[in-house]
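We call the chains A, B and C, going by the order they appear; numbering starts again at 1 in every chain.
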Amino acid sequence: MNYKKVISSILLISDGSIDHEYFLENFKIDKNKLFKIYEEVNESLKENELGFYIKYNEVSADLVTSKDITEELKNFKPPSVLRGLSTPALETLSIVAYEQPVTKLKVSEIRGVESESSLKTLEARGLIEKSGVLDIPGNPILYSTTQLFLEKMDISSIDELPILGDYFSNIEEE
Amino acid sequence: MNYKKVISSILLISDGSIDHEYFLENFKIDKNKLFKIYEEVNESLKENELGFYIKYNEVSADLVTSKDITEELKNFKPPSVLRGLSTPALETLSIVAYEQPVTKLKVSEIRGVESESSLKTLEARGLIEKSGVLDIPGNPILYSTTQLFLEKMDISSIDELPILGDYFSNIEEE
Amino acid sequence: MEINYLIENLKSLLIKYSSDKTQVEENLFELFSSFQTKEGNQNIENFAEFVLLASSLFEIKARRMLPQDDDVEWMDEVEILKDKDLAFARLLQFRAFSEIGIAMASRIKNSENQIKAFKYYQTKSLFPRPDVNYIIERDKFFSVAKEVFTRYKTIEGFKHIDKDLPDLQIAIDQFLKIIDSRLTTSFEEILRDLNSSREAIAFFLALLEAVRWGFVKADQDSIGITIEKSYEL
């Protein structure tokens, strides 16, 4: 089988990114070989000046457009997942990201304000989801970030989130 | 501008085929030049054994998978990332189910967020379909649920959907 | 004229902070009274937006996020709380997350510059029907439907979430740019270059954020608010 051909077309018609696992299992190839195929495809695309490439991390791969033509593609850019998200919603998102799984109460406590509507907004956007309940009386719902969140953050797992300190090493000096 | 780069990537990310007219108008090139670009892209793709090409007729173009790997693709159906339906998709589906036929705008209005990608997801999964256009300027597309949706819900017609009571009836009064 | 009055009021909320609650209350009372006197105002939407912003400011104020005068008054107040350390930790935590939220947003914006292939519809011609394994849980489906329509019914209640408020991030960037070029300026001076009340609001919020992050120092005297670039960072 021509792996290059089949893998590139599966990436084209897939709905979202494809886990490497899928190719490894179906084609009985190893990860090295798979990454080599990705690279071969990317070299071809680059050499021939086509405006897209296979973007992959440790977990999955997808065909995406190159960053250098963003401006030209703006008519085709889907609406941002952030569109209209307020600062409170972003705050809430960052708390869920770093404290997950986390209850509404904990989020509200950290923010100092009731956070239900922010959580709902983020859930409706698909950035966070209910991931279980806490094993205490009342069984409060736990929230976690979603696969979409990882994709949007361009990371393959929440372990790759930047360490908190990196954002603002300045705070301590104040 | 590098037409080859931009045109190939627009065809990559478009939802459906793109009318030549779009490129001719936006890039101020003539049809000969445009078709030459398509051919150049196709040559590059073929030479490098990538599994897709630009398929075009007199009116429009799209990036599609090569015919010679159709068989292989049938055996390796690309997996879907969203195996279940995400909350955004479920929200969208419920709105289409109860408000059908309904436009994208109305769905977005009810959900409070842009709902294009959810509609696409549901359409791709065969749960909803385009069922006509609204007879107002712009002719927005109307979406309805499909037979598959009824099957999945184990009901024989949408009249069997439970009445949502106050929640639903009040909306019509507004 | 109205807008100037409102900005004056907001300024007193920001700067003339007093631990005396009645001061804040008075300011808010005045602010709201001024809306009432504008009965039948066609710009009610603008005012509604303003009330929203005013209450956000008040909220920030209430959280003692702004540095006070030299005597570090807020420390005393934190003392009042049962667990001072916990309160302080939360304060820091909140500041942290607020900033991280913005950092994450810019990262997301950046990654959205790469657009994914969307050709899933082609699988329709390859397979009779997309063969995706999923089930629709009826109960979940109906509870989601109920929730979404309830929300729609009460959408007035949280419309502000998606309301097209002035882009705070842009305002902050512009604000910091001005401070970088002028080093010392005043809020009034910045207002002079603006074209709309919306921009003024955005810049006012930007000023708050900048003070909160310690990028600038702001002082009010009889003339107005003096803003100075902070070099402590």
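Note that in this section contacts are C-beta pairs under 8 Å (C-beta built on N, C-alpha and C of every residue); 3 or more make two chains touch, one makes a residue touch a chain.
In this text, all values refer to a predicted model and were calculated from it rather than measured experimentally.
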Chain-level touch network, classified as line, ring, star, complete or other: complete
Distance-maximising chain from subunit B - centres being C-alpha averages: C
By mean Cα position, the chain sitting nearest the middle: A
Subunit A-subunit C separation of Cα centroids, rounded to whole Å: 26
Centroid spacing, where centroids are CA-atom means, of subunit A and subunit B in whole angstrom: 22
Approximate Å spacing (C-alpha centroids) for the pair subunit B, subunit C: 36
Touching two or more other chains - residue numbers and ranges from subunit C: 115-117, 119-120, 122-123, 126, 151, 161-162
Per-residue overlap in subunit A, given as positions that touch at least 2 other chains: 12-17, 52, 63, 65-66, 73, 76, 78, 84, 121
Touching residues (chain side subunit A, partner subunit B) in the complex: 1-2, 4-10, 12-19, 22, 26, 41, 44-45, 47-52, 63, 65-66, 69, 72-73, 76, 78-79, 83-84, 121, 123-126, 129, 146-148
Subunit C residues within the subunit A interface of the complex: 59, 63, 90, 92-105, 107-117, 119-120, 122-123, 126, 151, 158, 160-165, 168, 214, 232-233
Of subunit A, residues touching subunit C in the complex: 11-17, 52, 55, 62-67, 70, 73, 76-78, 80-82, 84-87, 89-95, 97-98, 109-113, 117-118, 120-121, 151-154, 164, 167-168, 170-171, 173-174
Footprint of subunit B on subunit C - complex, ascending: 115-124, 126-127, 129-136, 138, 140-142, 144-146, 148-153, 155, 161-162
